[in-house]
């Protein structure tokens, strides 16, 4: 090691400790397993690519913009499903975001300890309930409710908007949006809560000292944490986009693009879940896999964005 | 207007006070809004499901439509089998990777591993199912519990890795120093001192991963597929609890719907019990002051 | 001032007060005089007088760099065997940094680079691997750190049990000897299986010392071993050190000058990463050669 100190630059003899061979072996073993994870992820991407080759060759980029989905004529396109996924997820976000923020505020700023523990335990359970149970409940409880009560009500009050008209069978974009909202509330509220916790108490105290009301102090903390909360929301979006079973059971599974939210639709994950096991023919199977590839790409972008937002907030706040 | 003008103006004050109360109330209300569906789902499922629970349910094979009785014994056993396979595959990888990332975190490679693990945790489970299909089902030309287990194992890896890493990082560096200063090798320090101290939390991670895997349906739909009978081996299509519930739920038969509720109840009960155990373990661990 | 100081602090006073061989004397904590155990060990070791004056640790131009900034610079020191050397100096002067270089503890610190030459027991340090050096050079830390999942018994023999090739049959005897030598035996002899965490701070530290002794290192490094403890525990540990220096070499970092004066044969004064003075304790405290040393001793700063 050559170091130039103030007075002289000379070659300094570095003392390095020798590691015992068992320690080196241990490091390499754990490294191997960690490396396996990287291999798996790359292999997944590779496999998706290879297995979707037939349809990619057949349809090219037009696949994304085509509404066709005819197994008999062997014409496939992903647009219908992209529409279904996007709209149901956005509806879910629109419902989940205010509710999650409310919970995050309640749990981090307002609630007394005992309510805090109970409520957060309950939300943990909500997060752990399998998606199929949500879907099942959706079929037998939520869909009838939507069909008989909620949708007529919405049509009578907001019917001037094109979203709230049309056939009311209870299964469709709106119902799946609601179920998705319930499913992503735990994750958005949990991360928002963590982000809010990192805002130093001193900031709130300064606000109170200036005469702010409780809500105004909270609002200020929210503004400070906004990119973290945005990150939490985007993460929730990622989860909603990838959600399969609950959506499959209530979205109606009809491949069509209609503007009304009462109408049945089809999401990317749902079509794969429904048709994969009995896909007829190579092109059909390959198209389903290509839909999966699109889904993978979308969730990858969304999750990377979310991670970046959350990371940049916590970094900014903890350095202070 | 200056801030102090806004704040000091009495007319504004009344308005601000009202906004304050409204907003705070809304936030309390949203807490309730989240709880209502949860309680509703839990109670409804319990009520609908518990009446169909009997010994037959757990011990009998499914009967064809029209014949009363029967159960989902094969689905329960199948789930145990598939989740077991997944755990055998996913838990060791997750544990070892968690150890690597926490103990050798100085290396640049460790950061890559953390990033990739995050990516893996964000991949929808149905995509993992497609992957398992391509790797195993396409090659062996049939559905199998093995393929299902493979998919579930991959799903479990990120949870186990992340929680292992976090729990190991919680062990104070003074314990590692003490052990190394005695001439105990690095790997023994990690395994016998650090890991042992963090064991409660790490087991928590494993339980959470198992609970999540047990409830997964999507990746099993075209890997282990399902079976109305006992499966002959791990190399044949196997019934599983979530898939069975799904098949019953979307069928038009009321009897089967009943069974589906019962199955859903079993799943929820499982999730609830594991969450409780996890809470108890972590509460104990942290009250034991370090 | 320093002379009076020395006259008032006599290590033998402490020993008479706190070490009672009369077990019926229940007013003061009872430590067994560790002399007989120490002598037993010493006989087994059979040291020649030549060996006794040998050098345990010798460093040449030892420097430790953190992110290219020196923590200690060009330290040249020879530490005698079977003696107690105190390392003193104001906060941040490099005392702990020096200590940790002697048993490769800087491995745990990223961005730390050690340069120069270190000789441990006649061999260059690079001829040892990191595990062997730590078996020869033990370390006791400032905050007691017993292993939480183990009992007292298991803690003491942890250094042996977790390394292969140690005779299981001797464990009982080793545990007793080590606990006696660190002065903890009487207090815990009937409850060796309880968790180490149920002991008080002073007891935990003595447990850590026993754990280090059980491995039978030749050199024991102590990084402010009593700064977190109450005066009675401190006195007990100092008494143990006094007895044990017949067979171990002690290097003790302390920010407490009185402790250095009480406990050590030699004292090294560090200031801003450099070794300023190293000689007999009595000299350093009464007739220091360097002005910097005198200023520190007389309390002008630090």
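Order as written gives the chain letters A, B and C; numbering starts at 1 within each chain.
Please note the rule applied: a contact is a pair of C-beta atoms (placed from the backbone, for glycine too) under 8 Å apart; a residue touches a chain by one contact, two chains touch by 3 or more.
Note that the structure is a prediction, hence the values are computed from the model and not measured.
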| item | value |
| --- | --- |
| Innermost chain, taking as reference the mean of every protein Cα atom displayed | B |
| Interface with more contacting C-beta pairs, comparing A-B to B-C | A-B |
| Furthest chain, CA centroid comparison against chain A | C |
| Centroid spacing, where centroids are CA-atom means, of chain A and chain C in whole angstrom | 56 |
| Between chain A and chain B, centroid-to-centroid distance (C-alpha), Å | 16 |
| Where chain B and chain C are represented by their mean Cα positions, the distance between them in whole Å | 50 |
| Residue list for chain B, restricted to those that touch at least two other chains | 185 |
| For chain C, residues that touch 2 or more chains besides their own | 107, 130-131, 133 |
| For chain A, residues that touch 2 or more chains besides their own | 19-20 |
| Residues of chain B touching chain A in the complex | 3-4, 7-8, 16-17, 19-20, 23-24, 26-31, 33-35, 37-38, 40-42, 44-45, 92-93, 96-97, 99-101, 103-104, 109-110, 112-113, 116-120, 122-131, 133-135, 138, 154, 157, 161, 185-187, 190, 208, 211-212, 214-218, 221-222, 225, 242, 245-246, 249-250, 257, 260-261, 264, 267-268, 271-272, 274-275, 279 |
| Touch list for chain C against partner chain A, complex | 63, 65, 68, 70, 101, 104, 107, 113-118, 125-126, 128-131, 133 |
| Parts of chain A lying in touch with chain C, wherever the complex brings them together | 1, 3, 5, 12-20 |
| Chain B partner contacts - residues on chain A that touch it in the complex | 19-20, 22-23, 25-27, 29-38, 40-41, 43-44, 47-48, 50-51, 98-103, 105-107, 110-111, 119, 121-126, 128-137, 139-141, 182, 185-186, 189, 210-216, 218, 238, 241-245, 249, 269, 272-273, 276-277, 288-289, 292, 295-296, 299-300, 303-304, 307 |
| Touching residues (chain side chain B, partner chain C) in the complex | 106, 172-185, 188, 192-193, 196-197, 288, 290 |
